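Listed below are the structures to be examined.
Note that chain A is present in both complexes that follow, paired respectively with chain B and with chain C.
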Partner chain A sequence: MVFLTALRLTRARGPDEWWRKRKVFKLAAFFYGRRRNCYSLAIRSLHRALVYATKSRALKKMDLIELWKQRISGGLESHGLEYWQFMDGLHKSNIQLNRKVLADLAAFEPATFESLSKIALDVKEAENDENSNKN
Partner chain B sequence: MSITQRVQQWATFGRVWHVYDCSYQNPFDSAKVIVKYLKGMQKPIYHPMNDCGDHVVCINTKQIALPGDEWTKRAYFHHTGYPSSATWTLAWELHSKDPMMIMKKAIYRSLGGNLQRRHTMQRLHLFKDDKVPQEVLDNITNQIRQLRPVPQRLDHIDQEVIDNFPKIMDYPEDYLPKAIK
Partner chain C sequence: MFLNKLINIARYPNNVNQLSNLFQRCLISSTPAAHNKLTVNKPLEFVDLKEGKDPVQNVNKKIQNSEAGRLFAVVQLCGKQFKITQGDVIMLEGFWEPTNGDQLRLEKVLLCGSQDFTLVGRPILQKGLVDIQATIIEKSLSHTRTHFKYKKRKQYRRINFQRSPTTVLRINSIEINNSVDQNEAQKPSDNVFF
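Then we have the complex of A and B:
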């Protein structure tokens, strides 16, 4: 666009109205009822939807962490360890595996997971011995 | 899929049958443990939408032990839907009517509310005593550890053991024990 005067420049509102609305309608295409066809309703629900999407990015991570925790403690059920003892033992032995990898190991590599739990168990027992020596 | 992998798949998703002896156990603490097995939370493949729960057979539900004065203080609410048909049944009363109901309600409550709950409850098998049908017994492969040891009753101990138990003195012939208030 070419503006011959400064007044024109201030009054111009970006791209053409049709193209501006088209961007919104494309994002609102899967909404239910009039919310996908009427601009004033579409933009309202789109703003809400984008807020939800932003918030859910953090929530999704929290949900997955919860699931991994549950799966790791499920895998530890037969090895006689609690979740926190296991993670504490791995941390102290400088094994830097995250929850996702540990959960995958518990399901697909049970033998590897068992040896990891044995390491954590050794750490726990060594600590118990130290404490009993102090007393 | 090779034969070994196929068997691995069956073993992973096969339902295990656990048995839990409820005698002298707190039903509300036990429910938390049983729920874990019903939902399959003890498996590393757990997911809320993954149908990986196991069967649990609860035996001796007649022998449960409620904590404190719960037998006389805990009330179970029921309403048929008609006006003024609300009833509050005390735990001892409910237990005398149906010895499996307290255990069932405790587990139903601790399962948490969603549409899956009724289906998960189908995998729970309650028996008031240790008389379990043979077809159920055939499936059982695991026993869930009891939360507390079963106390030994004095009237179940042999008279010989009681007589030989070490003591520091004999009570006098005319001794009257203090009345228990």
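Then we have the complex of A and C:
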């Protein structure tokens, strides 16, 4: 932009209004009703939407962890183990597969998953034996 | 369209007979021959060690005769675990040194499985047992993530845009090179940091 006087420079507010608003309208294009066409409404809901998007990136990770937990315990139902017993057994035998991979194995590699649950079951039984010996 | 054709056929009683014959032939037959075509995985059999059957020998024999078939593996890369098989393409996010066209051997193998057996690492399999070759096929940036913080009525607004480097990796091959329980002297934890 070219300014002939200093006064005009101070009055100029950034880029042209039309271009400034166009950026917002592009992002608000899929909103419902007047929020998509009416700037003052569009900018309000856009701010809210961007805040949601920022916060949900962390929430997504938490949701996925919940999903993996459910898938693992679903896979364990036929092997007579609970989620915490399975994870505890794997941890004690120093197997460091994470929940994402375990959920994948439960869904797509049932044979491998069954052998892992067998390992966890062995740990549990060994602990039970130790406890009964102490008593 | 299909319904219209059916109605056209149904106008003539002769055709209807033919049609019903056709449907009868299409019925799912429960003969053993039909069952044989389906491939259903056998239920797991656990080998009892007391009977003198050694699972390690059994697995080694399969490896030597190359009967292991297509393998899958779980590897750790850039702090994330991936379940991979030959020909897979995986994407890693964040800065990672290797560049386009680099050939890598992935060494943090947590698990390797085939149709008949699974090798489980504690936490990883011994070095040189499983050979996983990978090539880097793309280095680029992820989509733009908008980080926007906003407090209403407080004149507080921060906006940042962030793109992280990504690496796309192709898994060329997964092979078992050594027999199991051979190089016991070379333990994996000697050279690997977790």
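What we mean here is this: the second predicted complex is superposed on the first by the 123 of 135 C-alpha atoms of A that agree within 3 Å, B and C clash if a C-alpha of one lies under 4 Å from a C-alpha of the other, contacts with A are read in each partner's own complex, and residues count from 1 in each chain.
Here is the rule we go by: a contact is a pair of C-beta atoms (placed from the backbone, for glycine too) under 8 Å apart; a residue touches a chain by one contact, two chains touch by 3 or more.
Source: prediction; values computed, not measured.
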### Query
Is A:75 contacted by the first partner chain B, the second partner chain C, both or neither?
first
### Task
For A:119, select first, second, both or neither according to whether it touches chain B, chain C, the two together, or no partner.
second
### Task
Going by the touch definition up top, name the partner, chain B or chain C, that contacts more of chain A.
C
### Query
Thinking of the overlay built on chain A, is A:8 touched by chain B (first), by chain C (second), by both, or by neither?
neither
### Task
Look at A:67 in the shared chain and tell me whether it touches chain B only, chain C only, both, or neither; answer first, second, both or neither.
first
### Query
Once the shared chain is lined up, is A:107 touching chain B (first), chain C (second), both, or neither of them?
first
### Message
By the touch definition at the top of the document, which applies to A:22: first (chain B), second (chain C), both, or neither?
### Response
neither
### Message
Quick one: is A:91 in contact with chain B, with chain C, with both, or with neither? Answer first, second, both or neither.
### Response
neither
### Query
Just which bits of chain A does chain B share with chain C as contact spots?
110
### Task
Would you pull the chain A residues touching chain C in the complex into a rising list?
47-48, 50-51, 53-54, 57, 93-98, 100-101, 104-105, 108-112, 114-116, 118-119
#### Entry: chain A contact footprint on chain B (complex, rising order)
41-47
#### Entry: Partner chain A, residues of chain C touching it in the complex
41, 44, 46, 72, 74, 81-83, 110-111, 113, 118, 120-123, 145-150, 157, 159, 194
### Task
Using the touch rule from the top, collect the residues of chain A that touch chain B in their complex.
67, 70-72, 74-75, 77, 103, 106-107, 110, 113
